[in-house]
C-alpha cells in the first residue's frame, strides 16, 4: 500500500469516523473469546441496559447489530414497515438523500419533502400532509436528526408536536447517526419510535456496530411488518435476549469491550456535559467561520449543528482543494463537500472524543489553508474569535479540581 | 460485568472466533482515519487484489462487507437469486439448518436434502435431482463446505462434477465460513459461483467482515436478481470500485489494517502450508479421540473435518458439562453441541492461527476433564497418539532454519 | 532484521522474561504523560503501598528503579555496604556467580561459600562462619533465594534462624528475582533486610523496573554506607518521597500503569493462590521429568524450585540442541544450560502468568523434542504423570464458579 | 488511584517524556520473548548499527542501557574517568546542576563554570582554562547541549574549536538528552567523545533506554578508568557484542521493537527534515511569545532552543499557576519552572513526534490560560504570529504529494 506517514498526530476532523479515546483503544486490544461462555452474555447485558441511556430512553429496546449506519437504517425500516407503506421523508442533503434512496429501493412509497441544501426539514409541508391525512395513510415519518452533509439539525420536538396535534399514529423513525451522544436527543420525551446511530460517530469507537433503539410501539409494529429480512430481523435478537445468550450470530468481542469503555467514559463525563461540550465546540467553530468572513452552509441559526459545520467558500475557490491540501500539508483531515455542494463547501467535524485545544489547532490549520488557496484571510482571526468564547466557557475538568 | 479473570492464557478452541495473532492485534491497535483520504482506497485496493488468493480465484470479484457470516450468506443469496427461485440446499447440521432457514425466510423455494447429522451432503440425491431437472428449474445449489456443528466437510469437487455431468447451469453457492484459509478450497477450479467466509474464522481476525467472492457468472446473475436489498447490494460496491473510492459506506479502518496483516502472515506461511498445518492438527485431534476410545460425530473418514472435531460422548455424560468444566476449571474454551447433538457432542475447534503445542495443551486438558466427568480415560493416551503423529510430521519453521 | 514468524503462539518457557497477561499489555498500551502532573504521583503512591505486599512486608520501604535485576543487585549492595566490608555469599550457579562477580567488582570483601551446581547454599559453612565471627566482621549475608540456572531454592528461614542463633547483626540481602510473587517469601517474618526482584519475572511485566524493598535496618545502614553511587542512591528517592513527587528522574509511565494492572491481577488471584499455582506447576513438571527417566539438576527435594526446573540430559545429548530445536520446530522457548552446566541441562521456566494447560503443551513439546534428539522417550508419559497430579489438584477458577 | 479522565487528547508539551507515535505504540504492543533466541540478537544488531545515525557518527560505539538519562550520565562519567579527575562542567540550569551534582558525588574534581540561568555555557572561561592548562590536568569537558530548564542550546562546535586551538586532549562529554534527534548534532564532526540521550525524549519512546555513543578515544579511556561500576560498565556490553548475543542482562523486548519502529520513522522522515521541523516549531513558538509581549528566558538569540522554550512571566503572575491551570482546565501539559526559575517561567516543550497544528493548539491554549491568570493578552496574537511564519515554511508531506 502507499505509505503515507507524516510526523505527529493526524488531526481528524471529518464528521466520522472520529477520534477514539485511548481507554477505548486499550479495551479493544484483546484476543477473541468464545461468545457463548458466560462472560460475553454478562457483558452484553450491561451494555443493553446502559446503551439506552445515550438515547434517553427507559422504555426502548436496543439492538447492537454488527453493521454500519446504512445497515441500521435498513433495520429500522424493514422491521417496522411493509412494502408499499407510505412514508414521509425529508431530503435536505446527501445523507437524507441516501436514506430516501434506500427507502425507495426497499419498495416503500416515499413521499419526499425536499428543501434547499442548507435548510432544515420543511415541517410546514409535514403539517399540511398530516392535516390532510385523516385516513392515516402515512405509516412513518423518516427524518435525519442531523444532516452531516450540510450541518443542519432538525427540530424533532416540533415533529412530535405536529404528530400529536393531528393525533397521527405514524411511526417516527430518526437517523441520529451524527447526533446521538453529541446533541440533545430525547427518545422517550419526543416519542421517537426508532432511533439509530453508528459506533464510529459520537460514541468514538471503530465502525462496526449499528445501534438501534425501538419504542414499544415500534416493537409492536415489527410483529406485522412483512418486509423481507433475516440478518436485520429484530425477532432473532429478541429470541436470544429471552434465552439470555443475546447473540443470534457472532458479535465483535473487541467492539463489545470497546463499547463498555466508551459508555463508561461518557457516563463519567456525564451525557449532558458531553452535549454541552459539543455545543461549545460548535459555537466556537461558527465564531471562527464568521471571523474569517465566510458563510455557514446552514442558512438559519435554528438549524446550526453542533457536530459538523459546512463552510461555504467563495466561488473562485474549489473546496476540494482545501481538503486535499489539509491532508497533504498539515496532516489535517477535513470533510469534502458532497453531491450538490461538492466543491462549494468543506466540512469541519467536531464530534466525538474531542476537546477545545484540538479544535483550535484545527482552526489554525484551516486558516493557513485558506491563505494557501488564495483567500484573503487574517491569520489568527478565527482562533481569536473562538478562543474569546471558549476562554469564558470551558469548565474545569471535574476529576482534576 | 462479571469478572472472570483466570491466570494464564485462555485456551480458545471453539471453532470461531479464533485466536488472533499478535501482529494482527498490533496492526489493529490504531485510531480511526478518514476513509475518504487517499490512504484507505490505496490500502483497500491491495486487499481486494490479495483477498482473492484465499479463495484461489483469479476471475472472481470480492466484496468485504461490514457484517458477519450470516450477512455474507444473505448477500450471496439476495444478489444472485430472485424470490421464488428453486434452490437445492443440504441440511446436515446446525449451520446448514440456519442457512436454509434464511433461504426460506428470504422467500426462495428451497428443496432441502437432509442427511443424518454426522453425515455429509447426500450427493446421490443431488444427482437424481439434477438428472430430473432438464428444464433447469434449479437456480442454485447451496452447500456448506464444512459444517461446523458436526465437523463434516463436503466434497465440492463432486458437486461440480455432477453439475458438469448434467450440463446444469445452476449457480453453486458455498458457505466456506469454517473452511476457507484452512481447508483445500479452489473457487475457480471447482466452478464455485459465490464463496464466502467471515473474518473471525480461519483468517484469525475479530468478527466484522463478511468476505464474499463472486464468479463472473454470479455477477451476471446479480444483474437480473429481483431480491430486495440495499445494505448487501453488490451494485453499490461495484459503483464505488469504479470510482476508485471503494466504499459505499464506512468500513472499519482497524479491520482493514488487520486484514492486511492477516493476509501478509498467511502469504508468509504459504496458503498451502496453512492448509497442511490444519490437516496435521485435524489428524492429530482424531488420533487422540480414537485413543480415548471415543467416537467422532462424523460418520465416515471422507467427511472428516480438519478445522473442527465433534466428539461423541457416552450417553451417561452430558457434553455440556464438559464445556462448562473446561471453562470453569481449565480456562479452556470448547464448543458446545448444538441442537440435535446438544449434550451429545463437544467440539474442538482447530482452525486459525494455532500450532501443535497449543493443540496438545488442549488435548491434555480434555483428558483431565473427561476424567473429571467420570469417563474412564487413560490420562496421556490422546496426547501420546497425537504426538506420535505430529513428531513425524511437523516441518521446521522456515524462517528459523 | 531476520523475520522469524511462526504460526500460533510462542510457547515462552524460559525463566524470564515471562508471559505478560493481556490486561497488563492493555494497561501499558498508552502514550507518555507528564510525570510531574498530579496523576503520576497519585498512581505511584498506590504502587509503593501495594508493592510491599508481594514482599510480605509492612515495615519495608520499596524502591522501583528504572533498571534490571543486575541494577537492583547493585542498588542493594551500594546503599547498605561500604567498600571493604566483608560479606558472605553463596556460589551455587550462574546467577549467584554473577552477583558475586558484581560484589567483588564493587570492592567488597567477599567470602564465597561454594557448592556443587545443583545443590543449595551450604548453610553449615554459614553456621561455622557465624559461630567464629564474634567480632561481627561479617557485614552482610548475600543469598539468591532461587538460583535460576539450576532450579535450586534456598531455605531463607534457616538463614534467619542461624543469624538469630548467633545473635549476629549482619544484614540479610536476598536476590528474589525468580522467587518473589511465585515462591513463599516472607520478608518481615524472615528478617530479610533487602529483597529485590525484576519486573519481567513473576510479576509478568516487561523488563524495566528493579523492585527493591529495604527493612528499617537496611535504611539505617544506608545512612553510613560510603559506596559511591548516584543513579542507584536511595537517598534521592527518599527525598522525593517526602516531597510527594516520588521520582528523582523520569519513570516509565507505561510500566507504572502495567505494574498497577499486574498487582491488581495478583491480588485478585490472591498471593497465596499464586504461590500454590506455582507449586502445582513445579510439581507437575518434576513428575514429568521423572516419568521421562531424566534427572533433575537439583540434587535434593528440599531444594526443588517451583519456578524453574533444570533437566539433566544423558551425556550423548547436547542440551543446547534441545533448546534450538524447540525454537526452530515447535515455537517453544526453553532455557539453555549456562556456564558449568552448558550442554548438560535445559531449563523449563514455569513462573509468572501461566496455567496448567500451557505447561502441559510445553511438556508435550519437550517429549517430541527428546524423541527428535534420540532419547528413547515414551511419548505422552510425562504429560500423563503431570496430568494425573494436576487433575487432582487444580482448583475451580473462583470468578467462574 | 485518582481518576483524572478528561475528554479528548492530552496535549503533551512538557520537554519529555514526549508524544509516542502510533506506529511505535503498535510495535511495542507485544508479549515478552526469550532474549537469548536468535531473533533478539538479530534485531539488536540492526539497532546498534542504525542508532549511530542519530548521533551522526560512523566511528562511535553505541550502548543501549536499560536506564534513564541520569543513568546514561553516570555511564558516560564512570566509564571514561577516574575518581579525582579534573573536569570542567558548565552550570547554566537545573539539568546541568543535577549532572554536576552527580559528578561531584562520583568523586570527580569538578571545575564548575557558572552562568546566569538563561545564558549559555561561558566558553570564554573555558578558553582561559584551556589556555592555562598546558599540563592537561583537565581530563574532560562536560557540557549539556541543550539545557532543558531554560531552553538554552550551547555551541558545541565552538567547544571543539577551542579544544583544537589549544591542542587539548580532554574528553568531550555531551548530554544530548533534549537535543539528539531534534537539534543539529554531529558527533564525529564535532569530536564529541561521549554523547547520550534518553528514549523518552526526541526519539519519542517510553522511558527506559539510556542511549550512549562512545568515540574510539572514549573507549580507549575506558580501559584505564578506575571508577567503580558494574551495571553501567561498558566492558560487559563489549564482551557480549563480541559473542554476538549483545546483552549482559535482560533488555526490554518491547523497547527494542519500539526503537526499531522509532528509527524507521525518523529515517523515513529524514533526520535533517526532523531537525528542520524542530527548527520550525521552535521559531513559531518564539514568534508567539514575542507577540504576547513576553520574554524568553533565554537571553540571546544564539542560545535559542528549538526543543523547549522557557517563557518568563511578569512578576505578578506565578508561573506554576499557569501549569496547574493548563492541566486542570485545558488538558494541556506544560513544563514547570525549576529551582531558580520556579514560579518565574513556564516551559513549552516542542520536541519529538509533533506537528505544527498540535503546536498551534497548544499556543491557543496558552493564550487562554494567560488571560485566565490576568495577563492582558490579545487572544489569537501568538497563533497569528506563529501561523504567519509556518504558513510560509511548512513543506508538503513527501509521502502524500
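We call the chains A, B, C and D, going by the order they appear; numbering starts again at 1 in every chain.
Keep this in mind: contacts are C-beta pairs under 8 Å (C-beta built on N, C-alpha and C of every residue); 3 or more make two chains touch, one makes a residue touch a chain.
In UniProt terms, the chains line up like this: A, B, C, D = alanine--glyoxylate transaminase.
Computed from a predicted model, the values in this text were never measured in an experiment.
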Relative to subunit A, chain with the most remote C-alpha centre: C
Of C-D and A-C, whichever chain pair has more C-beta contact pairs: C-D
Centre-of-Cα separation between subunit D and subunit C, whole angstrom: 34
Computed distance of Cα centres, subunit C from subunit A, in Å: 53
Residues of subunit C touching at least two other chains: 2, 4, 19, 25, 29-31, 38, 327, 400
Subunit B residues within the subunit C interface of the complex: 2-9, 11, 19, 21, 23, 29, 265, 268-269, 274, 277, 327-332, 353-362, 364-365, 367-368, 371-372, 378-381, 383-385, 387-388, 390-391, 394-397, 399-401
Complex interface listing, subunit B residues touching subunit A: 1-2, 4, 10, 12, 14, 16-20, 25, 28-39, 42-43, 45-46, 66-71, 74, 83, 101-102, 105-107, 198, 200, 206-208, 227-228, 230-233, 248-255, 260, 327, 333, 336
Subunit D-facing residues of subunit B, complex: 22, 25-27, 29-31, 38, 400
